[in-house]
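I have a structure here, written as C-alpha cells, and I will follow up with some questions on it.
The first chain written gets the first letter, and so on, giving A, B, C, D, E and F; residue counts start at 1 in each chain.
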C-alpha cells in the first residue's frame, strides 16, 4: 500500500547503515518491534538517520516536559494534519506511557475545542490583542 | 480588521445576554480583561454562549490533565491550523499558567518533530501496523 | 481499525448515560441506525454528550440556513480537513436531505475553485483591500 | 506586503491581455472595483486568465446552487485553509449577496461543529460505516 | 469506497461528452490506462471537462519548469493536504517521468524540513523581514 | 509581534552558543543578513542548533535536486500550510537562486492545480488504483 517498499528484517540485517539505526531504535525503546514507518524510511538512509536522530533527541531525552505530555502534543499535531499512521502509532505510544481513558477523553475534548475556536477566530479574522504580544 | 465589529464594554453592558457571558468569563478567569475573540463572537449570541460554555467545561474544570498540558495541546492544534490569534492567545495563557522557557522550547521541538514525521508518513503512505490497532 | 473500541448495541444498552444519548440520536434522526462515530465516542461519555448536544443544536434546530446548505458547508470543511469518515457520512446526509447530482457537481466545483484561489492568495500574500474590512 | 507587485489601473490599461480580463471582471460583477487578488495575478497572465475564466463559470453562471450558498461553501474552505484574504473577500461577497447576521451566525456554528467532529473522527480513526458507501 | 460511482469503460463509451475527455486523456498521456480519479469525475461532466482542460494545460504543455519538477511540487501539495490518492498517483507519475530514488529521498527531506520550519514560524509568529517584501 | 523576543546582533554576540550558529548561517549563505526566523529561535538554543543543522544539510548540500527545485517544493509546502513568513522568505530565496517570473507563474499554476484535484479526490473519496501501489 505504501509508495515505497517496506524493508524486512533480513534486508535490514544486510545493510550496515540501516541496521545501525534499527539497532539503536530497538535499544532506545527496549523492544524488538520496529514499526512500518522506519521500514519505509529505510529506502532513504539519509532521511532515516536524520529523522531517528532528531526523534531520539526530542522524544526520549529527559527534559522539561514529561514523556506523556510530549505524546499528547504529538497526537494533536497528527490529528490536525490528518495522518492516520501517526494518530495510530502515537496513540499506542501514549497508552504505553500510561495514558488513562480519562486522560484520552480530556485530550480529545481539548483538541475538539481548539479546532472550533481556531475556525471561529479565522472566520472572524479577530485582531490580536496588544496584551498577547511578547516583549 | 475583523470581518465583524468588536463589541465595546459599553455595548456589552447594554445587552443582557452578552453581558451574562462576559460576566462569567471575568468571574471564571478572575480577571477584568476580556480579549477580542469574545468581543467578535458577541455579534452571534448563540455561538458566544455555546463556545464559552464548552470552553469553560473543557479548559477550566478540574480533570485528568493539568491546565498547562491542556494549553500545550491547544497551542499545538492552533499552530497546525495556522491561526495567529489562537497561537498568540494560548501561548500567553500557557505562560500565565506557568510555562517555562525550557518547556516552551521542548514543546516547539515536539511540534516540529511531529510535523516532519506526519509529512513523511503521508508521502510514503505507510500502512498502519496491526500492533497499533485497538481492540 | 479505530484507536478505541466501537460499542455494540448491547454495550450501549447496559450503560444508562450512553444509552440516553443514543436514544436521543435515534429519536432526533427518526432512524434506528447509529453510525460508528457515536459508537467510538461512547468510550468518552463527556465528549459524547457535549458533541451530540452541540450537533443537535447546530444541525437539527430550525434556523436561517436550510438543512442542505448546512450539510454542504459541513462537507466542505471535512474535505479540506481531509477527513474520510466525515466526507462519507455528510455526503450521505446531504443526499438524504435531497442533494441532487447537479447540486453535488456544483458544490465540488466551488470547493475546487476555493482551494485554488486560497493557495494563490497565500502564495502571493495578497494584502486585504480596505473595502473588505468590517465596521 | 505581497510577494509580487500589485498592478495599478494605469499598468492594466497598458497591457491588452490583462486589460481584457479586468474589463470582463468589471462587466461580470457590474462594478468598477477590482480587488488586489486580480492585481497580483496580473503578473502571471496565464494564471490570471485561467483563474478568472474558471471563477466566472463556477461562481457567476446560473446553476443548481444559489449564489449565497456558493459563497458560504467558499468561505468554509477559506477558513479551514486559513487564508485571511479569502475569508475577508468572500465574507464581503456573501454580505453583498444578501447574507444576514443570523445566517452568518449559523454558518459559523456549522463550521465550528464540523471542525470538532473532523478532529474527533480523525483522532479516533473511526472506520467508515458500510451504509455510507456509494454504489 | 468512493462517495460516487466509478464509471466503467462501457459506460464511458456510451456517453459522448465523457468519452471525448477520456479519449483526450488517453491521447495526451499516450496510454490506455485511465485512473479512478477520472472515472469518479465522470459523474460531473462540467467538473470533468474543466479539471482535465486545466490539468492538460498546466502539466502537459511545454514550459519554464520541467515535467518532473512540476510533479514534485504536485506531490508536496498533496502530502500537506493529506490526500492519499493524490500522493499515490503523483508519486507514480514522478517515477514515470524519471524520478530516481535519490531524488525521491531529497524531495522527502525538503518536505520534512519545510513542515518543521513552517510550524516553528507559526508557533513563534515571526514577523516578516522588510527585506522579503516585494516591490 | 512574535510570541517570543527577537534577538539583536548585540545579544547574539554575547551568547557563545547562539553566536556559533549565526556565524555558520552567515558563512554558509555568504551574507551578513540573518532573518527574523533565526532571531526568534535564538531563545531556544537546542531548537536553533537542530533546525539550522538540518536545514544546512537539506538545503545547502549538493545533491540530486538542484537548489531552485528544492525552494519550489519548500514554497509549495509553506503555501499549503498557510505560513506567511515561510512563503515570503522562500519566495525571496527562490528569486535569489534564479527563479524567473515565468517559472514563478508555472509554479503557481501547479500549486493551484494540485489544490483543486486534492479536494476533488478527497470529496469523492476515490480509491487508489492498484497500478499506483509500490512493490
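Here, contacts are C-beta pairs under 8 Å (C-beta built on N, C-alpha and C of every residue); 3 or more make two chains touch, one makes a residue touch a chain.
These figures come from a predicted structure and were not determined experimentally.
> Quick check for you: after a Cα superposition of chain C on chain D, what is the rotation angle, between 0 and 180°, in steps of 5?
With C-alpha atoms aligned, the rotation comes to 180 degrees.
> Have a look at where chain A meets chain B and say same if over half of the interface residue numbers show up on both copies, different if under half do.
Same: when the shared numbers are divided by all numbers used, the fraction is over half.
> Of the pairs C-D, B-E or D-E, which one shares over half of its contact pairs with A-F?
Looking at which residue pairs coincide with A-F, the repeat is D-E.
> Taking each chain's centre as the mean of its C-alpha atoms, give the chain farthest from chain E.
B
> At what distance in angstrom does the C-alpha mean of chain F lie from that of chain B?
27
> Please work out the Cα centroid separation of chain C and chain F, and write it as a whole number of Å.
The computed centroid separation for chain C versus chain F comes out at 34 Å.
> For chain B, write out the residues touching at least two other chains, lowest number first.
If we look for residues of chain B contacting two or more partner chains, we find 1-4, 6, 47, 50-51, 54, 57, 77, 79-84, 87-88, 91-92, 105, 108-109, 111-113, 115-120, 122-125, 128, 133.
> What does chain B use to touch chain C in their complex?
Those in contact with chain C are residues 1-6, 50, 54, 57, 128, 133-135.
> Which residues of chain C touch chain E in their complex?
Chain C reaches chain E through residues 82, 87-88, 91-92, 101, 104-105, 108-109, 112, 119.
> Which residues of chain D touch chain F once you look at their complex with the stated criterion?
Listed in rising order, the residues of chain D that touch chain F are 3-4, 43-47, 50-51, 77, 81-83.
> Which chain D residues qualify as touching chain C in the complex?
Residues of chain D touching chain C: 1-4, 6, 33, 35-37, 40-41, 47, 51, 54-55, 57-59, 63-65, 69-70, 72-74, 76-81, 83-86, 88-92, 100, 102-103, 105-107, 109-129, 131-133.
> Write out the stretch or stretches of chain F touching chain C in their complex.
On the chain F side, the touching residues are 75, 79-80, 82, 84, 87-88, 91, 108, 111-113, 115-120, 122-125.
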